[in-house]
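Before anything else, here's the structure in question.
Order of writing sets the labels: A, B, C and D. Residues in every chain begin at 1.
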Amino acid sequence: MAIAPTPPTGRPATDVGRLLASCPDRRGIVSALSTALAETGANIIRSDQHSTNPEGGDFFLRMEFHLDALAERRGVLEQRLEHVGRELDLDWRLTSADTRKRVAIFASRYDHCLLDLLWRWRTGELDMDLVGVVSNHLDRADDVAFFDVPYHHVAVTHETKQDAEQAQLDLLEGIDLVVLARYMQIFSGDFLRRVGAPVINIHHSFLPAFAGADPYTRAYERGVKLIGATAHYATEDLDEGPIIEQDTHRVSHADSPDELTRIGRDLERLVLARAVRWHLDDRVIVHGNRTIVF
Amino acid sequence: MAIAPTPPTGRPATDVGRLLASCPDRRGIVSALSTALAETGANIIRSDQHSTNPEGGDFFLRMEFHLDALAERRGVLEQRLEHVGRELDLDWRLTSADTRKRVAIFASRYDHCLLDLLWRWRTGELDMDLVGVVSNHLDRADDVAFFDVPYHHVAVTHETKQDAEQAQLDLLEGIDLVVLARYMQIFSGDFLRRVGAPVINIHHSFLPAFAGADPYTRAYERGVKLIGATAHYATEDLDEGPIIEQDTHRVSHADSPDELTRIGRDLERLVLARAVRWHLDDRVIVHGNRTIVF
Amino acid sequence: MAIAPTPPTGRPATDVGRLLASCPDRRGIVSALSTALAETGANIIRSDQHSTNPEGGDFFLRMEFHLDALAERRGVLEQRLEHVGRELDLDWRLTSADTRKRVAIFASRYDHCLLDLLWRWRTGELDMDLVGVVSNHLDRADDVAFFDVPYHHVAVTHETKQDAEQAQLDLLEGIDLVVLARYMQIFSGDFLRRVGAPVINIHHSFLPAFAGADPYTRAYERGVKLIGATAHYATEDLDEGPIIEQDTHRVSHADSPDELTRIGRDLERLVLARAVRWHLDDRVIVHGNRTIVF
Amino acid sequence: MAIAPTPPTGRPATDVGRLLASCPDRRGIVSALSTALAETGANIIRSDQHSTNPEGGDFFLRMEFHLDALAERRGVLEQRLEHVGRELDLDWRLTSADTRKRVAIFASRYDHCLLDLLWRWRTGELDMDLVGVVSNHLDRADDVAFFDVPYHHVAVTHETKQDAEQAQLDLLEGIDLVVLARYMQIFSGDFLRRVGAPVINIHHSFLPAFAGADPYTRAYERGVKLIGATAHYATEDLDEGPIIEQDTHRVSHADSPDELTRIGRDLERLVLARAVRWHLDDRVIVHGNRTIVF
C-alpha cells in the first residue's frame, strides 16, 4: 500500500523512547533498568509497573524517557538493556515515539467508527501512518478519499473468502496494526496467524455480555439498563480476545433497538479510539487473555 | 412479624394516589383516564406512559395525582376507573402513597447492602414499613437491633432447607416486598410461588455477564475494564429475572478480585437502593422479562 | 441561503405532531388537552409533564401524538386547542414532526463540533434542514463542501463587527435555529435580539465553573478532577443562558491543558449534539433561566 | 483522646513501606532511589511518578515496596535515602503501611458521611486508628457509640468559638488527620495553623461551581444538569483548598432542591471516602493548590 501523507499536526516526540519489559517479579528490576537508562543519559518522563504478585508473580514495566540523540545512542542503550535483561530473565522491547506505526483500517458500510478514526488521525490525536482503508464495500470510498487516504476494495463472499483474505494479506505487507472499524466479516484463523500484526476490533456490547450477533437487539430483549462497547484484540475465538477498553451508557425501557444502535455509535467511536490511541503509544501489554494498560 | 416503628422522617404523601394501568394501545386512553381523575377532583402531579408500539402494541401508564380526602373519595374514583377500564380492556391498580408497603429484608453475613438499606429507611429515603430482617446467620443481629428492627434467625442447611423455607414463609405473612440484600441462599421455586410478594435481588455483576457464582473473580479473569451490579426481580431462573436497575464502575488491570469486591460493594448498595425505592414508589412495571421504570 | 439537500436517511415522522403547552397549574389540564387530541382522532405516543408546584406553580406539558392526515386536520385540532386554551390560560404551540427546522451552524477554525454535527445530519440523527455554515474563517470550507452544504465566509474584525453581524443577519433570514459550534466571536445584544431564532452555544466547561475565556487552562490550574462541557441557549450575558445539557469526564494531575483540550473535544461534541437533537425534537422548554427537557 | 479499638479486618501490610519524594526534575532520580531501595533489600510493589515538566519542572515520586524486617532495617534505608537525597536536592518522607494514622472525624447533625466512614473503618476499608468523633451537637452520639468510638461534644456558638476551638485542639493532640464529615462550622485560620495535621473537607458541589453556602439550592436555581461533590484539603480560603477527588451525578429539571440533596448524599459519601482512603495510603501529594493523586 502507498502511505497516506501523515498530517503535520501529529504530536512531535523526537528523542522520546519507550521501554516495555516483563519478567518474573524479583528485587532490583526497577533499579537495574532505570540505572541502564540513566547511564545512557536518559531522563524518565513516565514510569508504570504492575506485578501480578510480588511473591513469584509476573512483573511488567513501561518507562517513557527522553534521550538526546536517541537514534544515535539507541545502540548503546540496547547493549545495556541486553546485559541487564540476561540477568533478570527479561522480555523487553524498545520503541521510539517518532517511529510511527503503519496502520490499516478495515471497514464495511458503517461510517461512524471509520470517520471518527480518520478525523482523529487528521487532527493529530492518533500518531500513526495511515496506510489505507480496506473495505468489502464501495460505500465509504468517497469519505476516505476526502481524507486523502488510499481505499482498497476487496469484495468478500462465502466462495471467495480465501482469495479475498490472500488479497488482504498482500495489502497488509509490513503493517504494524490492523483496526477493524465495524468490519462485518469474520477472519479465518489462518488470516489472523499470517497477518503478523495485532488486530483491534470493536464489539458493540459490554463483553462478555452479548458476544456474537445482534447485541443491541439482544440487549433490548434482555431489558438491560446500560449498553456498552468493547475494544479488544481479535483472536480466533470470536469476541473472546483480550479486552483493551470498555464503556457503558444509560438507556431505558423507552429505547428501541434502533435507539440503542444510535446511542451505541457514540460509545463505539470513543472506545475504539481510546484503544487504538493506547496501542499506538505502546501502553497496552497482553498477558494471557487480559491486558495491562499503562 | 412485629413491625418496626417507622421513622418520622419519611416523606409525607397524604392524599397522593398513583394509578398504574396497562392495555392494548389505542386512541383515547389518556383522555379517558385523566378525565376520570379530573371529574373526581384529582390534580395530576406526574404522568408517564410507554407504548411498545402505537400500532397494536401494549400501552403502560402511571399517573401520580393529588386528591383531597383521597381515602373518602377513593371509592368514587375506583367506580369511575372500573367503568373506563371495561371500555379500554384496562388492567389497572390504584395505590395510596401514604399506605406504606410492608417490607422484609433477607441478609446473610455481608453488612454493606443491609446497613445501607437500614440507614436509608431511618433517614426517610425509603418510604416503607420495615417488618424485619431474616438471616441464616447471627452475625448481623446487633446491627439490626441498633436500628430497632426485629431480627429473625432462620438457619438453612441442605437438609433443613424445606423446613427453613416454611419458617420463612410463616414470617412473611402479609408482606408486600422481600429484598435480598446479598442473601446467600437460593430459594426454591416453591418458595417463590408461595411468598405472594415480589422479591428484589442484587447480583454483583452487570447481567447477563457473569451470572451465577463468583462474578468478581470471573470479571478479573476475563479482564473487563468495568464492573457492574444488577438489581432484578427474583424468578426461578437464577439471575434471569426482569432487571430493574444496573450501574458500572471503572476498574483496571491493577485491581485484584479483592479490590473488585471492595469497589463493587458501593455499586451494589447504590443499585439495590434505587431499585427498592422505585418499587416502593410504584414506578416499576414488569412486562414479560423486561421492566418499565417510570 | 440555499438549502442543502437533506439526506434521505432522516427519521420519517409523517403525521406525528407535538403539542407543547404551559399554564398555571390546576386540575383538569391533562384531561382537557388529551380529550381535545382524542376527539380529533389523535393517539398520544409520548407524554411528559412537569409542575414547579402543584399548588399555584407553573405547569408544562409535551405530548407527541399520531394523527392520520395531520396536515388536513391540523386546523380542526387547533380550533379545539384554542377553545381549551382560553379556559386554561394556556400558552401552547403545535409542531409537525415532518416540518424540519431550518438550521444554520456557525464555526471558526475548530473542526470537531462542526464535523460531528455534519456527520450526524448526514446519518439522519439530526432531523433538520441544514441551511448552511457561516464562518469567520476559510479553514473549514472544504470540510463543509464535502457534505454539500453551503459555506458562507463572513470575516469579523473589531472594526467590521457591526457590518459583519448585518451580513450574518441577512443570511439567517427565515432561520429556525442557530448552532454555535465553537464559534469564537461574541455576538452583540443587538444581533441576538434581531436574529429571531434560538441560538445554542457549546461552552467548554461545566458551567457555572470556568465561565469565560480559557476554561481548560483554568481547570488545570484549579486542579479539578473532572472537566465538563455545557450546551446552553445564548443570551446577552455570556455563558449565563439556560443550560440544556452538560456532561463531565474524569481527568488527573497528569493531564496538561493540552490533554484537557483533547479530552474535552469529545465532551463538547456529545453534549452539543444532544442539545441540538433535543431542541429539534421540540423537547426543550425554557422557563426563566432554566430548561425543562422532556 | 482514647483510641477506639481498630477492627481486626484492616488490611495487613507488614513490612510494606512507602517512599514519597519530590525534587527538581533531572536525570537519574528513579535510578538513584530504586537503587537505594534495592541495595537495602526492598522489592518495589508499585511505583508512580509525575513531572510538571521534564525540562526544569518539579518531579514527584511514590514507591511502595516490601522489605523484610522493615522496622529493623528502616534506619539503614533512611541513611541511604539521606545520602541520595542530598545529591538530588530531594524532599522525601518514608512511611510504614502498618503504622496507622490517628484520625479524628468532625460532624454536626448530618449522619450520612459520618456513618459511611464508620462503616468503612469497621469493614477494614479505611486503614486508620479512629481516635474519636468531635461534634458540636449531641445528635450523633448514639450512632458513634454503636461503633465503640469515643464521642466528644464541643458546643460552638459565635461567642464561644475561640474557647471551643481550643478545646478541640486539646482533643486533637497527636492527631495525623482531621476529616470534616459535613461539619457545619468554619474553622478560624488560627485553628488551621495550630492543628498540625491535614484537614479534609467534603463540599457538596462540583467546585469551583457553587462554593459557599447552599450549593444544592443554587444548583437548582442555575438549572445545571449534573450535581457534584468535592473533597479537598481545608485552607483558610473557604472551598479554595487543593482538590483531592470529585464526582458528579445526573439530575433533571424535575429534581427539587430536596431531591438534589438526597442524590448528593450518595456523591458526598463516595467522594469523601475515596479522598480519605487515598490520603491514608499516602497517595496524595499537595503541590501548590493542586494535588497529585498516585
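List of remarks:
Assume a residue touches a chain if its C-beta (ideal position, glycine included) is under 8 Å from a C-beta of that chain, and two chains touch if they have at least 3 such contacts.
Please read these numbers as outputs of a predicted model, since none were measured by experiment.
When the contact pairs of C-D are matched by residue number against A-D, A-B or B-D, more than half turn up again in A-B.
Remark: among chain pairs B-C and A-B, A-B carries the greater number of C-beta contacts. Centroid to centroid, with C-alpha atoms defining each point, chain B and chain C lie 37 Å apart.
Distance from the chain A centre to the chain B centre is 42 Å, each centre being the mean of its Cα atoms.
Counting partner chains per residue, chain B has residues 46 touching two or more of them. Partner chain A is touched in their complex by these residues of chain B: 50, 206-210, 221-226, 228, 242-248, 252-254, 289-293.
In the complex of the two chains, the chain B residues touching chain D come out as 46, 111-112, 115, 119, 123, 125, 146, 262, 266, 270. Taken in their complex, chain A has these residues touching chain D: 25-32, 34-35, 37-39, 41-49, 51, 54, 66.
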